[in-house]
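Before anything else, here is the set of structures, which you'll find just below.
Shared between the two complexes below is subunit A, which pairs with subunit B and subunit C, respectively.
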Partner chain A sequence: MKRRGGQYLILQILSPAAAFLLALGVGAVIILALKENPVHIYTVMFRGGLGSVDGFGYALFSATPLILTGLAVAFAFRAGLFNIGGEGQLYIGAFLCAWAGFTLAGLPPLLLIPLCMLAAALGGALWGLVPGLLKARFGVHEVINTIMLNFVAMLATNFLVNRMFKEPDQMIPQTREIATTAWIPRLAPLARRLGIGLPDSNPLNYALLLSLIVAAAAYLILFRTRLGYEIRAVGQSPGAARYGGIRVGLILVLSMAISGSMAGLVGVNEVMGYRHRFLDGFSTGLGFTGIAVALLGRNHPLGVVLAAVLFGILNTGALEVDIFTDIPRELVMVLQAVIIICVVAGDMVFRRWAGRRMK
Partner chain B sequence: MIIWNLIAAAIRLATPLSLAALGGVFSERSGVVNIALEGMLLNGAFAAVVATHYSGNPWVGVLAALLVGVATALIHALVTVTFKADHIVSGVAVNLLALGATQFLCWVVYGNSGNSERVIGLEPWRIPLVDRIPVLGPILSGHSPLVYIALGVIILAHFLLFKTVFGLRLRSVGEHPLAADTMGVRVILMRYAGVLISGALAGLGGAFLSLNTHYFVKNMSAGRGFIALAAMIFGKWTPFGAAGACLLFGFLEALQMSLQGGGIPTQFIQMIPYLATMLVLVSAVGRATPPASVGRPYLKGSE
Partner chain C sequence: MGDENELLLNMTGITKRFGPVVANDRADLSVRTGEVHAIVGENGAGKSTLMRVLYGLIRPDEGTIELRGRPVRITNPGMATRLGIGMVHQHFMLIDRLTVAENLVLGMEPRGRLGVLRPGRAERAVRELSTDLGFELEPDTPAGDLSVGARQRLEIMKVIYRGADLIVLDEPTAVLTPQESAELFRIMRRLRERGKTIIFITHKLSEVMELSDRVTVMRGGQVAGVMETAGLTPSRLAEMMVGRPVLEQLDKPPLEPGPVVLTVRDLAAADDSGAPRLRGISFQVRAGEIFGIAGVEGNGQRELVEVINGLRPAASGDIILEDRNLSGQSPRRIRDRSVAHIPEDRHGRGLLLDFTLWENAVLGLQHRRRFSRGWLRIGAMRGHAGRLVEAFDIRTPSIDIRARQLSGGNQQKLIVAREVEQDPRLLIAAQPTRGVDVGSVEFIHRQLLDLRARGKAILLVSADLEEILTLSDTVAVIFRGRIVGRFPAEEADERTLGLLMMGREENGDGSSDGAGRGNGAGSAATGEGS
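The block that comes next holds the complex of A and B.
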């Protein structure tokens, strides 16, 4: 039994690692086709995210929302649900967070900050609840519903920002600033006190801590509580779960709500920790990248965190490559998609190979 | 007067949807869930513009879109049929790849990842006698050739799927692959055929999208691939049913466009197609059953 577990663990790490390397290989081919030097490009790319403290700080800042959206997708996956709606859930959550931030401005920070976080989580939970309910009650597949709600959320927040809550006298489509009592401070001062030379301009903030706490909570819920057990049971076999007395419909709805709430918390990083307002269309596909992060992280909270940091490094590197070379940042989008394909295809190959080895 | 314009617009807007939905029908009838229609549409749209740009002939663009659609479908087929990975995950991955690749290549070709330069489109076809008919004339005649091709493809698809041996084999593979296999039908080949056909059709749909507007804009498929899937479900996985549902969606989209500028904010009007899709899906529950073995990888000797 133990040996089997060990072999599986190696596979859990090998498969994504191999996929990542394969994706880098594909990227190298693309770079060569553009008559550039892959070694040089990759050096610039990794230098961006890993070469300096400031760079790594940016990478972690970039990873923070990805941890959350990755967790959202991974959590839903565990229940057998495909939550492609992270994008919509994070927009609704972030907007509600901002709304709370400038509407409840009179409150002291000790109240306001948790309230704003709660608003973000509730917004996301609500947006995840709808497809969950439709699935539980009507059996409608959540993939299309979550994607449709993404569009609805983008349109709804676009309306809310531009027609109702816009910053006065401004052309930029963003809301008013939230109260300063709702701001989440940056990590730079704390880092410097610990001897890490993070400059004040670095946007890395305490939301990173929040996302790590959420990851820990996800782990605890999934693997140490009865709810988590029931969620995973439903994910493995809804029929068997129902036979065992688990209320499958309720579990589906709860899973989608929890999943959505994690995506909604992206608002904490974006609105409370960075821009201090809601900017229309601020997400650069965070919900979709979350899918890649969840897959690469094997739908396990620890894996998700590691994968998110990796993607954060890639994103920071993409900007660096974009500035210092002739390759555009969109290359990273291609790399990320190739990673998913390689993970998904490779996973099956590995599993069957391992299955044969163990017979 | 207005309603006739709406119907003409509905036909125009329904065309890319129905081509994609047809593609979905072929793929799912053979047993492969195809979430990647969105990516195939997008890739087709981009390929059509680039090929037209370099060749000066929009029909070359159409052909390129078809081929690129097939190539995209090949990835999905490889991952789902040969590697037996999860169909939905593969579809999502292909969509992300299409999104990134089209933006990346748009930058490479045009120096700007948001949109391409203007290209010439296809000349509309006027049907000589029909366009004299007072009311129906403008509705039936004067559309882009791809509209008429799409119509032909719908009829051809119905014939192919339900009246030929190929269609029977395709459907059997989606319902009960083991039984089909014992009868000598090559399950893997049929599934590949289903997916590749869907790629070709979706690619064609993409060509219509971009050539009709004369531009490629990033992410211009805007969820149509998913709406096409809903139409396919609503249409009970048949060509005519799916096309009919797409006409409904096209009408909704035309309605949405004509309502803009009225009292209601545009964003809410733009939501109509997406909310309608969700409604359609709920209403189709219990009434429409998918092919029995759709989404399940076929492992020889495992059952």
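The block that comes next holds the complex of A and C.
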């Protein structure tokens, strides 16, 4: 039976890997249809994210918010909730983060940095809490509410930026810069000390470490605490959870809040580590891509990290493909979409096949 | 097909694997024309798998099927129907709003020219079959108004209407009262007289003895034996099923009941749709007493158990444990007052199927300091699970497998172990042995009697009369949300209980005082078409 556990694990890893290879195959067909050489295109693509330290740095930078939004989706999923609201949660988190960063400018970094992070987490938590409460109290489906709150968050931050907090004398719809004491440093100096040649221009920053810490925390909460036990119990069988004395409503609300706070922390990377201000509409669907990341990562924190890095590599490669070949970068987006479809559909096929082989 | 010993069906070497699980391992089944052939075996012995292969619901990995001497490949239920095989499932597939006649012809409605429906023909068919075989069904009763027994008769009628001459009944008596079972047996005998062949899956040895001509015993996916029923004893049969001798005698010493532990007073509650299900129910359970509640399912038992455990709000009434009022308390609070609960739905409530055994071993107790202080104390949880597995003989290769991977009997043992081990003042056991193999039933009964001997109060709710009668000190019958009879166990007999379960007052000897309570409305007739 121990062996079966091992097989189970192999399945968990093999199946997304097979889906990825299948997606590359589908992509190759598309590239061929465009009369290009798939090998060449793929070489360019993976060279972008994997060919240099700088490139990999960009891939990790791109992966950082996806780790967080992926964790947000995965965490809620463990409680049986489908959090489509990562996009809204990260906007609210990022805005509050920036707001704290320029409003509390007088505070010393040791106070200001944690406060800004807290603001980001709280903003996301609040935006997750609302659909959680509606679900627990009235049974309203969280998918509808999280989607609707995405619009509210995007338009509300748009309003706040343009009408109330816009940087003076600027055309760009963005807030003032946050205090330099709220900036979190880039990783380049640290990397250099470790003998890795990451150039100073690379935007990769300490938010990456934060996202990894959040991933570890998600794992510990889910699998090592009573709260996590109860969350997973609710996700698996609300009836059994109630039987086990678990307050299902409370767990739903908490799970959504925690999930939202993870998405909210995207603001740390965006605002404190990179742009140093809130830019209206900065997220290009990070919250939604998080759903794909969680799916590919099998809703496990470690899987989410790996899937996010893969997506980061693809994103970085997309740029290279755009610049150095005649294939539009959208192809990489197509590839990402095909991966997701392959994961969902191919997974079942592969499992059945593997299950039959391994008996 | 007149010859007595002519083989109608011959399945040979049927093997079916589900992943690493071998559900059927080279199983053979041969059924003679015109016989009643029982298939018995523990849960997970492969009976249902074999029948699903026969009915074309699943395809075997190996093996052949011969029907009337000719090899056949049955790939779907439609094909099975065309070959004259009919199956009556445990869960009825009727449409409540349609009438008996409409349900009968559903999917093959008789049409005249231009495709116009001819409802008259369906009604005539109901009447003919009804008088011919004693089904006692009226064509224009809506299926929703039928009693459980009548619904089952309608299912059988459907199968016959579709031309089946080999009828498979999957645990048909599981949901019936003794009277309804007797009725079913009459029909089965009549079908046999008309030359129909019946395969009959059951757990209950007495039914095998009473009804079947031959019996195939299955164990662990294999056929453990095929025998003529005549000359067989129940204990020999049980032994073959379990693979070891089964002690049928339970040790139940007389006990002087102690003080009252649970008092339920005028309790009323509604079901999920808001319809009243408990209409003022009152009783007491004493320490050292097993209080059995008998009744046909759906008469308020589920609601009663859920209300006592805090899983469902009461509309009115009180639940008092010793001297504390439990009404309106949360499930956790109630559990912390030393009330344990074996729920009737072990998959939906009692277990988290994708959790490991060690995680399941603390469900409901996860908040106790023993098992968590914010962080889970995984060592303590695993140790606890290990002890349960050991002490309660739960057959598992490891405590790290998922509850889903255990057999039904072992799943139930895990729940019983978890609940009994808490040493509760009150145990509520709802259908504690439903769908559980003979060996585990015996074990679970022993555990309940052990608790009783230790002076605990036990509320036993079961649709299985035999179980109620074997274990209880006091027997009460629930019908439509009321207690319609209450007896000391010695004075209760199956016939009286069965009648009360159907809401009829006992006729004939009125030897017991049981029907004295609340019988007025209780005796309203069921909507059975007759």
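Convention: the second predicted complex is superposed on the first by the 349 of 359 C-alpha atoms of A that agree within 3 Å, B and C clash if a C-alpha of one lies under 4 Å from a C-alpha of the other, contacts with A are read in each partner's own complex, and residues count from 1 in each chain.
Convention: contacts are C-beta pairs under 8 Å (C-beta built on N, C-alpha and C of every residue); 3 or more make two chains touch, one makes a residue touch a chain.
Treat the numbers as computed from the prediction; the structure is a model and nothing was measured.
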**Request:** Could you say whether A:Asn158 touches subunit B, subunit C, both of them, or neither, answering first, second, both or neither?
**Result:** first
**Message:** Per the contact definition in the header, classify A:Gln236: touching subunit B only (first), subunit C only (second), both, or neither.
**Reply:** second
**Request:** Return first, second, both or neither, reflecting whether A:Val305 touches subunit B, subunit C, both chains, or no partner chain.
**Result:** neither
**Request:** Could you tell me if A:Gly245 is touching subunit B, subunit C, both of them or neither one (first, second, both, neither)?
**Result:** second
**Message:** With both complexes superposed on chain A, which partner does A:Arg226 reach: first (subunit B), second (subunit C), both or neither?
**Reply:** second
**Complete:** subunit A positions within both the subunit B interface and the subunit C interface are none
**Message:** For a test of understanding, state which residues of subunit A touch subunit C in their complex under the given definition.
**Reply:** 1-2, 4-5, 224-230, 232-233, 236-237, 239-247, 355, 358-359
**subunit B contact footprint on subunit A (complex, rising order)** = 34, 82, 84, 134, 138-141, 143-145, 147-149, 151-152, 155-156, 158-159, 163, 285, 288, 291-292, 295, 328, 330-338, 340-341, 344-345, 347-349
**Message:** Taking the touch rule as given, give the residues of subunit B at its contact with subunit A in the complex, in rising order.
**Reply:** 35, 75, 78-79, 83-86, 88-90, 92-94, 96-101, 103-104, 107-108, 113, 222-223, 226, 229-230, 265, 267-268, 270-271, 274-275, 277-278, 281-282, 285-286
**Message:** Going by the contact rule set out above, which residues of subunit C touch subunit A in the complex?
**Reply:** 17, 19-20, 309, 311, 330-332, 335, 341, 343, 345, 348-355, 359, 363-364, 366-367, 371-372, 374-376, 378, 397-398, 400-401
